[in-house]
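Down below is the structure, laid out as structure tokens.
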Amino acid sequence: MLDISSVNYDAIFRRYDILVEAKEKPEDIAAKILPKDALLKKVAEDVVFMKYKDVEADTKAAMEKYKPEEVIEKALVKGMDVVAELYGRGIYYLPHVMVCADAMDKGIKLCEKNIKGERQTKGKIILHVAEGDPHDIGKNIAMVLLRSAGYATIDMGRDVPVVDVLDLVEKEKPDVLTGTALMTTTMSAFPRISERLAEKGIEMPFICAGGAVNRAYVESFPMGVYAEKAAQGPVLVGKAMDGWDWKKIRSKWDDVVKG
Amino acid sequence: MLDISSVNYDAIFRRYDILVEAKEKPEDIAAKILPKDALLKKVAEDVVFMKYKDVEADTKAAMEKYKPEEVIEKALVKGMDVVAELYGRGIYYLPHVMVCADAMDKGIKLCEKNIKGERQTKGKIILHVAEGDPHDIGKNIAMVLLRSAGYATIDMGRDVPVVDVLDLVEKEKPDVLTGTALMTTTMSAFPRISERLAEKGIEMPFICAGGAVNRAYVESFPMGVYAEKAAQGPVLVGKAMDGWDWKKIRSKWDDVVKG
Amino acid sequence: MAIKRFTKMEYKSADDMVFGEAKYPLTYGLGQKIGAGTVVPEINFAPRPGAEKNPATLTREYVDYITKDILDRAVTLGFPAVQLENEWIHQMGNDPEKFAKPVVAGQKALMQKYHDEYGIALSIRHTCADPRLAEKGLRPGMDKTHMYPEKTIESFEVAAENGADVLSVETMGGKEVSDYAILHQDIKGWLFGIGYLGSMDMEWIWPQIVEVAKKNKIIAGGDTNCAGANTSMFMAGGYLDKDIPRTFSAVTRCIASARTLVAYECGATGPDKDCGYEGPILKSISGKPSAQEGKGAQDAHADLMGNLIAQVCDLWSNESVEYHPEFGGSSVACWLGVIGYEAALMNTAKQLKQDKLLRDLYAATDSYRSPEGFCLRYDNAYKIGQAIVEEGNDIYLRSRAAGLKAAELIAESNAKGGLKLSKHEKDMLNKITTDLKALPDSASKFEEQCLKEYKNVPMFNPKNYGL
Amino acid sequence: MAIKRFTKMEYKSADDMVFGEAKYPLTYGLGQKIGAGTVVPEINFAPRPGAEKNPATLTREYVDYITKDILDRAVTLGFPAVQLENEWIHQMGNDPEKFAKPVVAGQKALMQKYHDEYGIALSIRHTCADPRLAEKGLRPGMDKTHMYPEKTIESFEVAAENGADVLSVETMGGKEVSDYAILHQDIKGWLFGIGYLGSMDMEWIWPQIVEVAKKNKIIAGGDTNCAGANTSMFMAGGYLDKDIPRTFSAVTRCIASARTLVAYECGATGPDKDCGYEGPILKSISGKPSAQEGKGAQDAHADLMGNLIAQVCDLWSNESVEYHPEFGGSSVACWLGVIGYEAALMNTAKQLKQDKLLRDLYAATDSYRSPEGFCLRYDNAYKIGQAIVEEGNDIYLRSRAAGLKAAELIAESNAKGGLKLSKHEKDMLNKITTDLKALPDSASKFEEQCLKEYKNVPMFNPKNYGL
């Protein structure tokens, strides 16, 4: 190969990511958000710093002083809040989030065993990937973030027939339904779902996402609320839980997503 | 420059136009269409072969035997039919058509002087280019072809305000209105025109063309009939004169344009 | 059919590889020659949303609009040869007789017409869909809901019998594990999913594709690890993306090459699929023609090696564009212009015997833009190929070797200041090296470990791979 | 301001010209350097239909969508420098204060933000519309209906005061005559419309643009004969088109170069406009940086010199694409990828001192694809430049010289078997040569003849040109 050692690569490309590499440390950001109480803090830190092996023991310890519900809310989910913040600032990468979520899940499982009856979640979400569409990575990421934010999720998987979605929604009555489509030839399942739900008199925000759809498309059918990134899932669902209907979420979409 | 004489250009590009260069001669095609009568034939040939200088004398000669209307129909316009055929087959180029049309026009002017009252044309067409749009070459070509096919044309020019179009249409009551737009930011004038015409209860085929528009767009508003090429003008207008309304022309568009 | 492993390189040296030439060139279709001295543009497209409504609308979209526009533009610009690629949409794979057959036949008839009229060299690749779902079952008889395994095989038959010149597919074996591995940055899981399970799945499907191709006297092209390595690459993204580090995607790509090779070992002849960026490695090992995409496939992918990846291609592709109008004509016509002109430039360079120089300019441009591009630079690709064939008989060992070699090359360049890695990329690279080195040294031990370690990965079912 | 005619070539030889270097490089905008050793991509765009509804929707489209997507993609792919070009839509030129001002300001603010954050070199060219209509009047005070001449001048002021780094325009003088001439294949009419009237119109408008630029300390870029020579080129089209012969369009292009030069003679400094394919001729004469477009501008134009025209560019453009989604991101991001990677290839070639070789490969590829490309090949462009400067002081004689030289070069190559002309192209070439040779040898005689001959051309009014 030609000798390329003389090339001044500054004229060819710039590694902007290195130029602006974050100088902030995860520890400093965590400190601002984490609970003060030492026991809870320990659990939250296990989540933030992926201490997969310690999380169960520390959760147990915390439960000696706090109710399991409190450990979930004030330690495990709080830890994920830090993670979300770190991800948002580009300090953590996606896989960090996944591993942290695994740690959180471990702790939550343990807490749930100690809760009498069923654990109170913030709300119920059904997720699916459009009929004919095998692309499910985005949906999987979104699900992790929703679970981390304290929602109960039902994952219908991918290539899910329209009729199955309709049946399950009728049966489960979720607070929010989500759909993912990465192919322009499968995304037409969404308006079909929304129309049939409307016919049945069922109404709820139907968050649609995935590479194929855009905001204009999703807003062209009733109930459709667009999501561009998985991280917007908890924010949008949060508004639904605050009692906003799909029309209101849609009309304030820009603000919701930015804020 | 690098010595390129060794390049075998067959691997780089092919002059397909030369590969399929028409072997047919204009004369042979003309022979099949031209009138038999020597006087008329002479006039028609003046048009086909751009004998700009002879056309007036020959037209005069023909008028000694035939009525001016007949000379127009059976010689001058017939000649343009041959030209259209030659253009369609890729033997004549566009500028031939323009020059032939000039020759035809000369002959027609002369005939018209000898017609009592007004000459009967096949129909009346108003042409314009959308408000804000300066691109008028396509419209000019289309106009020549329409005139050559025997229609009376009113040319409103380019960058024509929507209101002016509405006013003139109300006043002139043309058989067909046409619009040309080459910019996606000016083409919205067409639906505005069509809506306002509809409000006034005026209905007619509104042929829309130009690089910016496509069939789907033009068919998205009432009266809109798409034209891709100038050569389709006479064909589409012909259907309107046969009494087809814009809905029928639209629904049979593929056949009309191919046939 | 017996699987013939690659245990030595078909090229004597990296420098022998160049675009437009393959050791085993091909002749097929309507006067098409691939890898025989010229680069041919390969244009790919997707129908407009809604066109899939019924077979008539779909055929009209694919034939009367898309194929016609492509052929017209090819003649307009004077391109001597064009290959079309039709990546099947779900509806075609789900009901090949009804949705695919008229499309395949209609396209070929129109191509024949242009070939007859203008003498233009034409061919079409049908990339059938692989809709098989791990959770339902990848082998015949398992998926009672959709019958996807059966339909996948039927797809090749319908394509082959009705006008395809080349058969390709993006197989999905091991994807459920590799998806999990990407999201958890777990290189071992990746190696298991793609290097091991993926290879086994290809060993099952590819002999069948080769059989269908033979029966119909057409070409069994090749595969791509789009499902795995491209997911990894796009999530790694560019300098604004923070999903996964680019060192991870670089190593996954190289491991994937050991998998995609299996198609050739089962009798496929190339050209491989454009979206398989592992192509340069495959070509170095096998000598088969390669389809690639980069600068001219921005309609679909913004990768970090737009020029580099053209270095040893035989077909130059746009990956895929949805049919729609542009100021310059329809999208397919416009993108054909982009890739056709690039092919023309390469062909001129060949004629003037400057092809190796142009290759090196392509390579140099993106040498250090990303670790993945760096690994695929033809000299490094060759080294990775060598690492693979040294362990050629063992799908596990060769995949691991590919990964280790990639990690080694990246670390070396970073140390010398060629590649410049971010902190996060460096950390990941170190972890990858440690993890790969810690792996057992036999496939059976590896399999045993992994079946245990990954048994709870969602949708993973060992039976899909005969395990 | 005095008009300074070019009477000698700024380059000593054709071979001195190469992409990424101009004799008179420029520094402007946010750290932008043009013609100073690198090629910079120039990305152009059009808003979606409907975005022009009101100033708020238009600003949102141009700033929040288009400009943001461009800047994000530039950073994602690591491009060191990008120039934006905003070709004004009708609404902006028709009411600059209301429609253009917020757009111009908003774009610049966002660019400043990215420049500050990433250090990326950025600049923006505003190409104001020239909506003047010959039938209404080209000079101030004439067009009582629209006041277009007044609005045109106002446009430059609004652009300059609110954030433009470069001012450009596609002036329309003489177009009513050249349109007629194209449709009638009348080279004399063309020479009169573009070479003569067009030059005179530029002599009127360009000193004013230069003035506005100076006052605002920005760059007066350049013009293009898009209105004339591109109309001619697109009607000549490719091998399926039969509108006008390509020999005609080749000669019109060369005549047009004598006209477009006038901007520089009035004090503009370059870069000229991408769609002015006459750029190589202009650069050979003036040494000013040139923007060009070809292979990467298929979104807008399918010309027959996609590679060739890159040979001596300093900015490499996509001409224009409407904003819309593609699989690979938004259209502007995708096309930026195409042109940015091409610029990167050229810049690598420069670094490796292989730029002249790459230039020659570009040129060789399309040397004989069309007579127009052939005339614009840098060696021939240089010869046409020489023909122009020999008669540099006389806009008529130099235009004629350019046309004759072009015809001569084409005929020569056709005789030698380089260019292969169709019968129709040959016939036309002969007619052109005969017609041009028959022209009078002084401008005054020519003017006199033409005023008579073309007095009935629709919309032609000598008063528009002070005649």
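General remarks:
Here the chain labels run A, B, C and D in written order, and each chain numbers its own residues starting at 1.
Keep this in mind: a contact is a pair of C-beta atoms (placed from the backbone, for glycine too) under 8 Å apart; a residue touches a chain by one contact, two chains touch by 3 or more.
Note that this is a predicted model, so its numbers are computed, not measured.
Set against one another, B-C and B-D show the most C-beta pairs in contact at B-D. Summarising the inter-chain layout, the chain whose CA centre lies farthest from the centre of chain D is A.
In terms of their C-alpha centroids, the spacing between chain A and chain B amounts to 60 Å. For the pair chain B and chain C, the distance between C-alpha centroids works out to 49 Å. Spacing of chain B relative to chain D, judged by their CA centroids, is 31 angstrom.
Once the centre of each chain is set as its mean CA position, chain C and chain D turn out to be 40 Å apart. Along chain D, residues 46, 75, 77-78, 239-240, 322, 327, 344, 347-348, 352, 357, 361, 364-366, 369 each make contact with two or more other chains.
Residue positions 2, 4, 7, 12-13, 15-16 of chain A each touch two or more of the other chains. If the chains shown are joined wherever they touch, the resulting network has some other arrangement, not a path, ring, star or complete graph. Contact annotation for chain pairs lists A-C, A-D, B-C, B-D, C-D, with touch applied as defined.
Of all residues in chain B, only 2, 4, 6-8, 10-16, 19-20, 211, 214 touch chain C in the complex they form.
Of all the residues in chain C, the ones that touch chain D in their complex are 46, 72-73, 75-78, 237-241, 294-302, 304, 306-307, 319-322, 324, 326-329, 331, 333-335, 337-338, 341-342, 344-345, 347-349, 352, 354, 357-358, 361-362, 364-366, 369. Interface of chain D with chain B (complex): residues 14-15, 46-52, 89-91, 94, 131, 133, 135, 146, 172, 179, 182-185, 231, 235, 239-240, 242-245, 322, 357, 360-361, 363-369, 377-379, 420, 422-424. Residues of chain B touching chain D in their complex: 1-2, 4, 7, 9, 12-13, 15-18, 21, 87, 90, 92-95, 98-99, 102, 132-134, 136-137, 140-141, 157-159, 183-188. Every residue of chain D that touches chain A in the complex is listed here, in rising order: 37-38, 75, 77-80, 117-120, 325, 327, 344, 347-348, 350-352.
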